[in-house]
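Letters A, B, C and D mark the chains as written, and numbering starts fresh at 1 in each.
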Amino acid sequence: MIAMGSKKRRGILERLNAGEVVVGDGGYVMQLERRGYVKAGHWTPEAAVEHPEAVRQLHREFLRAGANVLQTFTFYCSEDKLEISGNVTNITGAQINEAACDLAREVANEDDALVAGCVSKTPCYVKSHSEAEVKAIFKKQMDDFLKKDIDFFIVEFVDHVEEAGWAVEVLKTSGKPVGATLCISPHGDMHGVPPGECAVRLVKAGADIVGVNCHLDPLTCIRTVKLMKEGLEKAGLKAHLMIQPLGFHTPECNLGGYTSLPEYPFAMETRAITRWDIHKYAREAYNAGIRYIGGCCGFEPYHIRAIAEELAAERGFLPPASEKHGLWGAALEMHTKPWVRARARREYWENLLPASGRPKCPSMATPEDDYEKHYLLFRPEQVVLSLM
Amino acid sequence: MIAMGSKKRRGILERLNAGEVVVGDGGYVMQLERRGYVKAGHWTPEAAVEHPEAVRQLHREFLRAGANVLQTFTFYCSEDKLEISGNVTNITGAQINEAACDLAREVANEDDALVAGCVSKTPCYVKSHSEAEVKAIFKKQMDDFLKKDIDFFIVEFVDHVEEAGWAVEVLKTSGKPVGATLCISPHGDMHGVPPGECAVRLVKAGADIVGVNCHLDPLTCIRTVKLMKEGLEKAGLKAHLMIQPLGFHTPECNLGGYTSLPEYPFAMETRAITRWDIHKYAREAYNAGIRYIGGCCGFEPYHIRAIAEELAAERGFLPPASEKHGLWGAALEMHTKPWVRARARREYWENLLPASGRPKCPSMATPEDDYEKHYLLFRPEQVVLSLM
Amino acid sequence: MIAMGSKKRRGILERLNAGEVVVGDGGYVMQLERRGYVKAGHWTPEAAVEHPEAVRQLHREFLRAGANVLQTFTFYCSEDKLEISGNVTNITGAQINEAACDLAREVANEDDALVAGCVSKTPCYVKSHSEAEVKAIFKKQMDDFLKKDIDFFIVEFVDHVEEAGWAVEVLKTSGKPVGATLCISPHGDMHGVPPGECAVRLVKAGADIVGVNCHLDPLTCIRTVKLMKEGLEKAGLKAHLMIQPLGFHTPECNLGGYTSLPEYPFAMETRAITRWDIHKYAREAYNAGIRYIGGCCGFEPYHIRAIAEELAAERGFLPPASEKHGLWGAALEMHTKPWVRARARREYWENLLPASGRPKCPSMATPEDDYEKHYLLFRPEQVVLSLM
Amino acid sequence: MIAMGSKKRRGILERLNAGEVVVGDGGYVMQLERRGYVKAGHWTPEAAVEHPEAVRQLHREFLRAGANVLQTFTFYCSEDKLEISGNVTNITGAQINEAACDLAREVANEDDALVAGCVSKTPCYVKSHSEAEVKAIFKKQMDDFLKKDIDFFIVEFVDHVEEAGWAVEVLKTSGKPVGATLCISPHGDMHGVPPGECAVRLVKAGADIVGVNCHLDPLTCIRTVKLMKEGLEKAGLKAHLMIQPLGFHTPECNLGGYTSLPEYPFAMETRAITRWDIHKYAREAYNAGIRYIGGCCGFEPYHIRAIAEELAAERGFLPPASEKHGLWGAALEMHTKPWVRARARREYWENLLPASGRPKCPSMATPEDDYEKHYLLFRPEQVVLSLM
């Protein structure tokens, strides 16, 4: 990193315990879908084996943007999920998991970043609801990771706290730190467990870091993590807080998150957040006491850079990719057009309300409410609007 | 490409003369800005030397998406422009031009794609308005290219037809085919020369292919190319037609194009086109008789793939990246959520009006009209849209 | 009314006890402001004396639209309010109150409508918070009314349940029925008393009918009345329910209601509800068990007619003004333009999402939150969005 | 009028020749539809006989708002139109025409306003295209008017200049001044005659005042009148200019005007213009040299007042209804809420972009293009707005 000097690699808890900001990476599957390497609907990570150069390059871009952690590209890489998707016929989950560890490690070592081995929700949980079967799946994936040089684990994109707890219990047996992020809304998990209680359960299961990822926009996710924090405080428990939200505006979503939006997954462009939205998000997350701050689907490298730029004073340095970015638009000062030069200032971008260019389109959609109907948790009298 | 068999590389005119659809590539500078390798405001291509892996990867993604041509990453790479930007101190324009040719060639050879050496407008033109000086700049850049293995030339992003004509005259001395795309609106170039007359001048200067690129959205660009075609027909001239528009919705822009929008360049996310917009665009461009169809700023690899998918029947094959894409959302058929499965059909995506998720934002902006004021070409009676 | 035959005038409770739907009238002050007889900002009803023909005509339009009750045009007609406004120098409150009673009676007798004498919140309450002083004001106004032939009383537009309770206690001494509607949100009154508890207090004070009026859009007001109903049921109390919401869309409003919107009061046009919105509202209010259904600011005669048309089957007749209205657009069947004729059906209007014609404007505003700050009742984690 | 003193009634040409601003009245049929007296789809004026008090009151409101002219409520009151509509069985056109003249005269005499006898397009023109038949219809209507005390004639809402010219020729035989307003767009009339040529033909037919009314929003109508003015100047002709546009925003309409919008006629609320839009309109119309400035459908009394207030300096007085209106929101200064008091200034209202409150609705619609298809006059290259 710029003017960083050489640092010894320190562990995730060492960093968080020291009060440092840890910048996470962004979303892999949606970005690699757009680049041509992941199939939407399946969302499986076989590209780690099939096209390692593409995964390596995206890792590198996140690293360059300021990420302190590279997550292995192992989303949905449990054997049961791979089998269902039917997308990958000649490659085993173990091959993907191992290749993904190598790729993340290789790039992380270009700087002093950490590698997090990632597991996500399993089809098995909803199908069998068997603790033994689900834990066996997580154990198998963990064993793949442990053959490689990873620094800690992340359980992510789980919408039942019970399943996430099981994963944490398995992964803790490795002796490595474990973070756990649920893809839940402020209303709680799929069984109606409120965020505060979810956090308590995860910490009791052994999680060192808890929070949320995916499914909802940054400000909504901050609200959920705040509720987790309150729950932990009430229970007298301590844990680090983590957040990796969507890079999309989803003000009208409830429990089902962005999959319930009509635009999911092939017309989400309209909802993409800007780098200036990220500045607000990073500041607000920091102010809420969250110290592991990254992104999920929709977070591209420049969004991660915006986190690192917003928190540059707190971290003490800018990321490498800021060589190619004027803070708050400063590089526009030399633009040939005077009205573009006039945009080379923070006030302009902070206050801009960007037009959609789509006068035939509405500003808000009607989310599919089947999700809510299925899970009986929707309280129609309380539709919560969150706006960035 | 899928089921393609091996083909001998044939030249650009050979392909176009045979009536083939040539799929262009997408936008480099804005995409590489987001990936952390290009500085907005400068938009110079030093990454070809500094970070070849990033440029190579983006080339590869466009190739994989179906592009038949890879343009050298040499935008704004004239010596006078590099000097003004002050962004590149230790690297010469010649170094960039040569490295960029090698990168494009390397990747193009992974399939049977062509390499186009690209030149763009020079600061010199507006500053000196000297034909000799401007031509010398283009000559120097051409000489860099001719040291390498390129297939043809493209003059792009020029908003004065006079300058574009000078470039064409220089490049034609190489003996290679030349394409020329102006960044103009249906109102004409910066001196008020209408599109039809622009096309005539370019063809008379020696261009084999003419059209537009950048500055405006796909459907507006098609209108401009249609006016070019009409102009050529009236003049009894023939040339191939080419289009590489913005990947953004810009319905309210006039002469100044997207740089006059308040969102340019750091809040254009809202305006990004979807892959389904591309299907309409590709079909309409094809129906207008345009056979070289690509994109400019805002066109990511998946947009290029959408061109290739829309015109798969005409071309006879799908691109490699379609392995990771169900046509018209078909891969959603195996999604776990029933309402997402219901989206696995063309009718759904064709008719969707995506919500912006930004209820505090307008749908259209007020473009800076200084551009028009400066150039005295704006005819207010021609703006059919009147807004109180 | 159409095919009604002559009926003897029956009292409000007689009608409600019989399970009849009572259609209220619409908003007077905003409509008469637009007609040129009321001053916005003051909102006082001196037009009853100054321009009786204008008030009489609006009464007649509401009657013709189906209203069963005409409210006296006595809004803000307490002596203390008139004095503060400084708008009326030569006319006493008593003169207005008496003239207003005569006007309402005169028009009501053209059919079998009832006349409700109306009182609204007093500046005195906030200023002195003296029960004796506030009650004296209400007593004085009641005495004016009792000189005339009115059928019952309505306390309306009060945002503190305490003040409304005092008004009810005074008016009950007349021996006439009393309805009481608060201008509160689902969050409760200005002191944070929840709707359920508000309803209980009003009924205990003697109100025969309780509900809400003004400040928020129809669907939000229905939510509030439902909460009132729940409160009464839990307390084992009974009362008739009444609703007279805004005729404007206010999805983003909280406690402060529409006065906190940037558009209040002179740019509310954009938010006006259509007659088709009213059909949904009337049906939903009816389904919620509300039987006194009218409107407040923004409700014009045709909105009242839409209530009467939606509930025509339940009431057994259409209002006189339906002579000039085809149900669900039926009269368009004879339009000269075929595409307008195609709109002569319920499905068309029920599903139409009307465009604003204002592409430079947002769809939602940021309400002034000073109101919330002043009253310390705003809970930022719960911004409630209600959408019609 | 306020501080006006008594004036002798002077004719329309006397006023316009003296350079005075003549304020027109607003729209009758849509407003009386909302009040319950006109049937949408038919739009015939039988209320002049059936409910004279309603027509009288609306006349009075326009007069009070500052109108110098009251138009007889005789829209679509030709015998052939009344017959087709089938709406009026026991009342003859002559009865309506005569009653309408009396009502307008009665109210006009409350001040010094003029009465204009109005004729509009006839079904006969499209059906028979017979000059003799059409002229006979206009002659009959004129004879009705001439039995009464009217000051001049207005031909309005005609979309073929040929028919309007015939009407002018007939009415000129009365010896009274004649104004003629077409309901056309800047593209011209239904036969493609451009506005400039339309104006020339009308003046040659004998019109003293020419312009446009209805169909399109204020700023679009100003553009059309400007084109008329240019046409007259080129032809060396002179006439007074007149404008009475819609009180709705219709930015996306072409030839067909607002009837081609999906919202017509029962969901136009969203598009209603504010009083502040009127200030801009009145000023721009005045600056364009138009001196007869009024409104059509959608113009309520407060919109007419806004014309009179914007042009108060030019006219030398405010209208009576300004007693109940603080200029530019001045009366809000005494509002109890501080943030509403802050709106008591011109700058606030001039710059406000009102939110629609409808986040599920788009900002622009797709007009029915059948109109254009039917008339073969639509030139797609003239639509500057392109939407994907």
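Operating definition for what follows: a residue touches a chain if its C-beta (ideal position, glycine included) is under 8 Å from a C-beta of that chain, and two chains touch if they have at least 3 such contacts.
Small disclaimer: the values here were computed from a predicted structure and weren't measured.
The interface in A-D, A-C or B-D that matches B-C, meaning over half of the contact pairs are the same by residue number, belongs to A-D. Judged by contacting C-beta pairs, the busier of the interfaces C-D and A-D is C-D.
Subunit A and subunit D have Cα centroids lying 58 Å from one another.
Taking the mean of the C-alpha atoms as each chain's centre, subunit C and subunit D sit 33 Å apart. Residues of subunit D in contact with two or more other chains: 217, 249, 251-252, 273, 353, 359-365, 387. Residues 186, 223, 226-227, 252, 353, 359, 362-364, 381-387 of subunit A are the ones that touch subunit C when the two sit in their complex.
Within the complex formed with subunit D, the residues of subunit A that make contact are 252, 358-366. Across the complex, subunit B meets subunit A through its residues 33-42, 53-54, 57, 60-61, 64-65, 84-86, 123, 217, 248-252, 259-276, 300-302, 305, 320-321, 323-326, 329, 331-340, 343-344, 349, 352-365, 368, 370-371.
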